[in-house]
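Going in written order, the chains are labelled A, B, C and D, and every chain counts its residues from 1.
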Amino acid sequence: MTSKPQVYPYIPNSVPAVKAAMLAATGAASVEEFYADVPTELRMDRPLNLPAPLLSEARLKRHVQAILARNRHCGEVLSFLGGGCYQHHVPAICDEINGRSEFLTAYAGEPYDDHGRFQALWEYCSMMGELLNLDVVSVPTYDGMQAAATACCMAARHSGRRLVLLAANTSADKRSHIKTYGRSEIDFVEVAFDPITGLLDRGDLRAKLSQEVAALYLDVPNYFGGIDEGQAIAGLVKSAGAMLIVGVDPLSLGVLTPPGDYGADIVCGDIQSLGMHMSYGGGHGGFIASRDEEALLMQYPSRLFGIAPTSVPGQYGFGDVAYQRTSFDKREQGNEFVGTAAALWGITAGVFLASQGPQGMVELGEGIMKRVAYARQRLSTLPGLRLAHPGAVHFKEFVLDFSATGKTVAEVNAGLRERAIFGGHDLSEAFPALGQSALYAFTEVHSQADIDALVDALREVLAS
Amino acid sequence: MTSKPQVYPYIPNSVPAVKAAMLAATGAASVEEFYADVPTELRMDRPLNLPAPLLSEARLKRHVQAILARNRHCGEVLSFLGGGCYQHHVPAICDEINGRSEFLTAYAGEPYDDHGRFQALWEYCSMMGELLNLDVVSVPTYDGMQAAATACCMAARHSGRRLVLLAANTSADKRSHIKTYGRSEIDFVEVAFDPITGLLDRGDLRAKLSQEVAALYLDVPNYFGGIDEGQAIAGLVKSAGAMLIVGVDPLSLGVLTPPGDYGADIVCGDIQSLGMHMSYGGGHGGFIASRDEEALLMQYPSRLFGIAPTSVPGQYGFGDVAYQRTSFDKREQGNEFVGTAAALWGITAGVFLASQGPQGMVELGEGIMKRVAYARQRLSTLPGLRLAHPGAVHFKEFVLDFSATGKTVAEVNAGLRERAIFGGHDLSEAFPALGQSALYAFTEVHSQADIDALVDALREVLAS
Amino acid sequence: WDEPVIFELSQPGERALLTPELEPAIEAAAHDVLFTLPPGMRRKLAPALPELSQNRVLRHYLRLSQETLGADFNVDVGQGTCTMKYNPKVNEHLARDARMSELHPLQDESTVQGILHVMHEMEGVLKEVSGMDAVSLQPRSGSQAIYANLAMIRAWFEARGEAGERDEIITTIFSHPSDAACAKVLGYKVITLYPDAEGYPDLAAMQAAVGPRTAALIITNPEDTGIFNAKIREFVAAAHGVGALACYDQANANGLLGITRAREAGFDLSHFNLHKTFSTPHACGGPAVGACAVTAALAPFLPRPVIVKEPDGRYRIEQGGERSIGKVAAFMGTASIVLRAYAWVMNLGAAGLREVAEIAVLNNNYMMAQLLKIRGLSAPYAPGKRRIEQVRYSWAELCAETGVHSGDIGLRAADYGVHYWTSHHPYVVPEPATIEPTESYSRADLDEFAQIMSRVADEARADPEMLRSAPHNCPTRRIDESCLDDPKRWAITWRGWQRKLAEHGVATPTAMDRAF
Amino acid sequence: WDEPVIFELSQPGERALLTPELEPAIEAAAHDVLFTLPPGMRRKLAPALPELSQNRVLRHYLRLSQETLGADFNVDVGQGTCTMKYNPKVNEHLARDARMSELHPLQDESTVQGILHVMHEMEGVLKEVSGMDAVSLQPRSGSQAIYANLAMIRAWFEARGEAGERDEIITTIFSHPSDAACAKVLGYKVITLYPDAEGYPDLAAMQAAVGPRTAALIITNPEDTGIFNAKIREFVAAAHGVGALACYDQANANGLLGITRAREAGFDLSHFNLHKTFSTPHACGGPAVGACAVTAALAPFLPRPVIVKEPDGRYRIEQGGERSIGKVAAFMGTASIVLRAYAWVMNLGAAGLREVAEIAVLNNNYMMAQLLKIRGLSAPYAPGKRRIEQVRYSWAELCAETGVHSGDIGLRAADYGVHYWTSHHPYVVPEPATIEPTESYSRADLDEFAQIMSRVADEARADPEMLRSAPHNCPTRRIDESCLDDPKRWAITWRGWQRKLAEHGVATPTAMDRAF
C-alpha cells in the first residue's frame, strides 16, 4: 500500500470508500479476514518483485509498442517461411468478426444467451464438412498437432489395437507431440519416405502393416509439400484392416481430393490457413472430422455441436451432441480431455470459408499450385540449387537443397535477410538426411515479381 | 464489358444469371433501357480512364499499404506540432466504440431503431455541457472553424447587429473561413494583439467596441497558447451590449474556467483533442454551446437532441428539439444549413469524457500546463532562442522565436527531422510580424525525456 | 438492453483511465504555474462528469451500439437519397493504420508523400468521373461542398465586378435542401422551381426565372424522384445564356458513374459526397468529404491549399492564389475518408464503377416493379417511365384508406429490422417514401424488403391502430414529442433535464424499475 | 434477429472475395501442373460452400455476434470457476499490431527480439507469482498445461527408472475435471478424494491413498467451492513422503496473487491460465495459454524450445535437452495471448496484482453476504467461514420447495441479460451455482446480479412453470434435447442435417416463416 491509495481503472471497487463500505457489509474488519484460512507460514512476507507498473494507458501503449518495434514482420519483407504456419491474405472481415467484443469475450454461455456463438461454430463445422465431404467435424482443438494426436488415440480406441504407423515425412514436432501424447495407449512405428520423391515408402508401409495396426497417420500434402496418391495408400491400409488418418491442409482442398473420398477414416489438420494471422504461432486451431458413425463419433473428446428444433415451430437451436463422451461430464471416464482451445479461430475460419465460397477455394488452391510450379522451375535453374524431391507434385511448399552450393542454409538466409527476404525454414537439424535443405512456401500473397525477386536475390547471395 | 463477366464482391447482382432474371422481371431488354431519359449527346462514349483495378482484397491491401509506407507518422518520431490539431493519447475504448459496425455505418435512422445513436450523442452533449457549465450543446459540426463561423452568424442573427470583432490572435485559417462564411450578413473587424503577451490588445478592443457590435470572437487559449483574462474582456464587451463568443480547447477545461462562467454567451471549439486521432486533419468536429434561452437556441442551425418520456412509464426516448429551425425542415428559411458533419466524433468524445471523468480532466489539464511550463524554462535557456510571449501563461502550446539564432525555422525543422523530431509549426508566413517563429505544442504524450530530447536536439541543430 | 443514461451509472471515485504521471523534475519546475493564471481563469470545481470504471464505460457504449441499427445490419434501402452502400471493411482497416491516423496535418511535405499521393490520385479520379478540370477535397460534407461551390460562384462574380447585380440562385424543390440553404448563407435570394405535371423540372419556369440577376443554377439530376432530367443541357444553357453559372449537385452520382458527366451537360461546378457514391461509411452522420469539381476557369477560386505534383513525382502543398475563396475547413479536410474512397475506386476500376451504376439502376427498377405490386403505393410522376437510382413513392392511397401515414409505416418497418424514412421536407409528394437500393443488395435482400412493405401495408388495413402506435419491437416506444418543442421542457443535456425535472417534479426512472 | 443458417442464404454465383490474379508468365509456365497430380488426387466437384456477397457474409456474422452475450456486455459473475474479468481493449489493440500478428514462428531470432523479450519477461512474472524456477508458455490452454505438467511427472519418474511402479495420480472431486482426465491420458490410474464433512479436502483420505504407487497429487486450492485448504502443506508433504510429486492446478489464481504461492506450499509443479487470472479474453473458448511453472529439479523436463537471455541482453531460442518432454503444442504456443497478459501485468505491477486479489476476494465475500439473504439458496460446507474468490452455492432448498432446478434458474437469468451456469459435473453439491465476481465488477454490478437472483427465486415460487420453460427473451426457446443424443437425429453439420431431414421428412423452416 502506498500512502495515497491508487484507484485502478480495471478494479472498480479499489475506491477506498467503496472498499470500506463493502467490508462493513460483510462484517469483516479488513481484507485479511477473508484470508484467515491461509496459514501464516504460507503467506508471502514481501511484495511481489515485479517491474514498476505503467499505470496510464498512454505510457503502457508506448512501452509495448517500443518492444514490438524490435520485431521485423512478414508484412514488411518477403517471407517464404512455411512448415506448418503460413502467410496468407487474411480477409478484413475475418478480423472484423473475431474482433467483435461479443465473440471475443464470450465463453461458456448456454445455447440461448450465446445462440450466436453456437450457430457460428456449428456453421464452421458445417462448412468444414463441405470442404471435407464429411458429416462430422469437431469444434477446434488447440492446433493441427493436437488434432493428429487425438485422431491417433481415437483410432486406437475405436479399433481396439495399439499399433499406429506414423509417416516419417510428417513434421518432427508433430511426431514428437503425437508420441508423447499417445504412448500410454499406443505403440508408434515410423514409416520411411522415399528419398527421391519425399513421398511415403510404400514398400516400408507394406512391411509394417499387420493385423495389430490400428491406423496409419499420413499428412497430405506431407511436410515437404508433396502430394501422395491417397487411394493407393488407403488400399494398402484397408487391406490390413487398419484405419487411415490423414492430416490435410484445408486450404488445399479446392484443388486436392478430400481424404475421406479416397478412404480416410479420420481427417484432421490445422485451420491457421483459413483466415488466421500467423501471430508467431498464435493463429492455430485443429480440426478432426469423420463420417457420421455412432461408434466413431463416440470416440471424439471435444465438444460436438448439433442443430435441433425448439419449442417454436420452424425455429432452430443448437446444443451439445453426446456430451457424456466428454471429460466435462465424466472426468477421467470421458475421452481424453476437453477445455478452452481455439473456438474464436473456428468462428473465423467459418467467416473465411463463407467468404471464399466454392470458387474462391478452387482458385486459391489452383493459384498456389501454379505459383509453386513456377517457383520450382525458376529456382531449379540457379547454379548448385537442387529440388530435393523432383519426383513429386507439390502444394504450397517444397524443399530446396543447397548442399551443392557450398553454402549452408543459415548463410544463405542471413544473406537474404539483408535483402529483406526471409528464406525458407532450415531443415538441416530436423532432417539431417536432407543435407543443407530448406523448406520454401508460396501462397497467393506472392506475386510473380516476388518470386522473381527471390530468384534474383538467391542468385546474388549464392554468388557472393 | 470484358468477354468473361466479372462478379464483384461488393455488387451481389453482378452475377450474370441474376442480372438477366432481374431484367426480365422489370420487362427491360437491357440496362440501357433504364437510361432512356439520358440523351445520347450526354452519354460518355468511352470507358472512364482510371488506373487498372486491384480486384482482389489481397492486392488492394498491399497496394495501399505500400503507399502508406511513404508516410512518416507522429508515433514513430517525437512531434511538437499543434496549431489546431493535437497529438493526444487516444484511449483504446474510443477506437473500439467508433469502430463498431453499428455506429460506423448508421446514418439517419429514427430515434427508435437508432435509439443507441441518439442516446450516445445526447450523452455527448450532456457531458460537454458539464465541461462547459452550459445547458445547450449542439451535435458536432464539421470542425472548430465552422463552429466559430456559425457562432458569429448566430450572434449576428440574435443581436440584429452586423459588426463582429475578431481577435487577431486567432488562427489565420479560422479567420479566413469565418469571413468567407459570414460576410454576406456580417462586417468583420480585427482586434489587434499585444506583441509582448500575444493576448488581446484591450485598448484596441475598447476603441472598436460600439453599439453596432454584435459580438467579439476570441479564442482562449489563443492561437499562441496564451490565456487571456476572460472576465476583464467580458466586462468590456458586455458594457457595449455586445455578445462574447469564446472558442476554447475543451481539453483545457479541467484546469481553465469555462468561458460561460466569465460571461461568454456562445462557446465553441473543436473536439479533436477529445479522443480523435489526428488522421491528417480527419479527426475534427466542432461544438457550439450556450445557455438554454429560447431565443438563442432558435438560432442554432444544427440538430439538437432532447430527452423525452415515452408511452412506457419510466422509459426515456430521444428526438430532435425545435426541428423547424433547420434547413432540413425549412430549406433556405432555416438557419444556415445542416447535414452530415462529424457525428461519430461526437460519440467518441463522449466515450473520452466518460472515461476521463472529472479527475482525469483535471489531471490532463494540469499536467499539460506543467509540461509547457517546464518546456518553456528549458527551451528559453538555449542560446539565441526566445519565448515570443514571455508575458503570458500558456496552455499546450507557445511560440518560440528563432530570429536571433541566425537560422530560419525551416532550416531548424529540417535539422530536427533528421533527428526524428517534428519541430513546431512555422509561423513566418501566417504571422510575419513574429519573425522566424514556430508554434510548439506539448501534451500528456510527452515525457520529461521527450522534452529534454527536444532541447538537446535543438542545441545541436542551432550549433551546427 | 434498457441502459440508463450514463450519469445514472456514476460511482464516485471510479476511474476508467489514469493520466500519465509527471516526472518529479517537471513537478518541481512547474509546481506554481497554476497560480500564475490570470485572475478567475483557474477552474474552481472539477466538471461534474460521470465516474466509471473502464469496464462499465465500455459496457455502456457497447450496449448503445447494439441499440443502433447500422447499415451493416439491415437491408438499408429505405433511407433513400442517402445511398447506403456497402462500406468494405478492408478500407476501414487501412484507414485506421497508424501511418494514416497518426499524421499531423502540418507535417512537412516530405513526410506525407503517401497521403498526398492518395489525395492527388483521388482528385484525378473525380476529375475523370465528372469531366471537370480541378478538384478540391477540403469540404467536410456534401453541404459544405455546396457551400464551397456557391462561394466560388460568388467570388467569380466578384472578380468580374458583377457581384452587386447577381443576387439570385435558382434551384428546384427536389434538389437537396442545402442547395437552397447554402445560397442563402452566401447572401443570395433563392428561387425555387417546382416540377411540371410529369414531375420533370419545368424548363419553361427556368427560362422565365433566369435573368441578369441570376448568379447560378444549382440543381440535382436525377432529382430525389429518381427521374432523369433529359433537358438538363437546356437548363444549363438557360443559365449560361444570361451569363450565370451552372452548378451540379451530384452528392449522389451512384446511377451515373461512367454514363454521363457534369462536363457533357455543360456545368461549371459540381460536387460529390464520398460517403454516398464512393462508399465511405456514414458514421452516424460524419466525418465525411464533399468534393468540389470545377472547370479550369473556376479552378483559381478553389479553397486553399492545393496539392501539386512535381515532374519528379513528388508532391507539394501550395497555398493557392489571390482569387482562392480561402479556407472552407480545417487543414486539407478529412483525409482519412479520402483514403477509404481511394481504396474503393482502386478495387473497382472503370469497369467496376460502371457496374456499380448499372446494377444500382437495375436494382432500383426491379424494386419499383416489386413495390408497385403493393396496393396503396404509387410512384407519382412520369408514369410508365424508368427511374435512375431511386424512386420517390407515395402512400397517399393507403393513407386515404386507413389513416396510416408514411411515418407510421417507417416506425413499423423498424420493428422488422429495416430502416425507412420519408426524406426531406416539404412533402411535395404526399405521404412520401424514398427507396434507393444501391448496388449493394442482392435480389433476395430486395425481395425481403418488398415483402416487409407489403406486410406492413396489409397490417395497416387490418390493424391501423397497431401501426399508429409503432414501434413495438424497438428499444423504446413512442416518445412524447411535445416535450421537444416546448422551451419549458426540452432538455438538450442531462443538466438541463435535471433542472427542468426539478422544476416540474417529474420523477426520474430508476434503473431497476426499467429492468424487464 | 432470426438469422437463417448460412447455407440458406447462398445465392449461386455471388462472391465475397476475389482471389489474386495469376500473372500470365505463371499461367504459361504452370498451366499443366494440375494434370500432373497423382491419380485421383484432383478434386472433382468444388466444395458446396455457400455463395454470398461480402455485405451478406458480414451481416450474417454481425447478427450472430449480437446474439452472443460476451462478457463485455453483462455482469458476468455467474460463470464461476472461469474468472470472467475485464479484458482491456488496449491490450487487444496492441496484440493486433502487425508487428505481432504478422510474425512467422520460424523467423530468425534476430527478427523477433521484441516478442522473445515479452515471452521471457512473462516467464519471469510467472516465476515470481508462483515462486517456481522455470516456466513454459507453450501449452495452448489450462488443460494442455495440466497435460504438460503430468507429462513432466511421467518423464521425471521415467528418468529415475520408477515409471513402472508409479501409476497412480491422486486428485480431488472439486479439482478441475481435466486434472483427472489428463492423468488418464498419460496412462495413470486416477484416485479421486472427496471432501470431508466440512467441505475441506480430506487429509486422512489423502494419507490413506498415498503409497509407493503414487506418482503425484494434483489439486486445486482453493477448490471450486472457494474454500482454502489450510492443510495444503500436509497434502504436499504426504505426497512427498512417499516419493511422489505435487502439482498445483492454479488455473484460477485470482484470489491469491501476492498472498501465497506454490513455492510456499511445497509444490513441484503448477500452472496458470492466462485467460483467467491474467485477463486475456476468453474468445468463445480460446485461443489461450496455460503456463507451466516448475522447480529447478523439473526444469529439464519442460517442453522445448526454451528462450534464453544472453548476457548482452539478446534472446536465443534453444531446443532443450534430452530430458525435455518434447513438443506439447505447435511452435512456442499462443504468443499473441502472452503479449496481452504481459501488457496487463505491466499496467498493474506488484501492488496492482495484490489489489486484484484482495478486491476479488472482497467482492466474493460481499456477494456471498448479499446472496445468502435469498431464501432457498445456501452455501454448503464450512459454515460461517469466508471464501476466497468464488463460492459454490446450492439451490437445493428452492428446488425442494418449487421443483425448479439450478439449470432453469440459469436459463431464466439469461432472460435478464446475465450469464449463469452450474459448473462441472458431477453435482456433488446439489443444484449447484458457482458465482465468481472477480475484481472487475463494481458494487453496483454485484448488487444488480444479486437482485436478479432474488427476483428469479421469487418467480420460482410464484410461477415455477415459467421458469421451467425459460428462456423467454433469448434468440431461441428451449430446444428438443433428445435430438442431440440420438444418432439418428443428431446433426453436427448442415450436410448431416439435410441428409437426416430427408430421411425423417421433417420440413426445414423457411426464412420468411421465421421473420417475426
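We take it that a contact is a pair of C-beta atoms (placed from the backbone, for glycine too) under 8 Å apart; a residue touches a chain by one contact, two chains touch by 3 or more.
The UniProt protein names, listed by chain, are A, B = Aminomethyl-transferring glycine dehydrogenase subunit GcvPA.
Quick caveat: nothing in here was measured; it's all calculated off a predicted structure.
By number of C-beta pairs in contact, A-D leads over the other of A-D and A-C. Centre-to-centre separation of chain B and chain C, using mean CA positions: 18 Å.
If you average the CA atoms of chain A and of chain C, the two centres end up 45 Å from each other. Averaging C-alpha coordinates per chain places the centre of chain A 47 Å away from that of chain B. Across the assembly, chain A contributes residues 8, 10-12, 18, 55-59, 61, 65, 75, 89, 91-93, 95-96, 101, 444-445, 447 that each touch 2 or more other chains. Annotation for chain C: residues 11, 14-20, 52-56, 58, 62-63, 66, 72-73, 86, 88-90, 92, 417, 440-443, 445 touch two or more other chains.
Under the stated contact rule, the graph of chain-to-chain touches is complete, every pair of chains being in contact. Listed in rising order, the residues of chain C touching chain A in the complex are 11-21, 52-56, 58, 62, 88-90, 92-93. For chain A in complex with chain C, the residues that touch the partner chain are 7-12, 15-18, 55-59, 91-93, 95-96, 101.
Of all the residues in chain D, the ones that touch chain C in their complex are 1, 9, 11, 14, 53-56, 58-59, 62-63, 66, 72-74, 86, 88-89, 415-417, 440-445, 448, 451-452, 473, 511-512, 515-516. Remark: chain B residues 56-59, 61-62, 65, 75, 89, 91-92, 96, 101, 444-445, 447 touch chain A in the complex.
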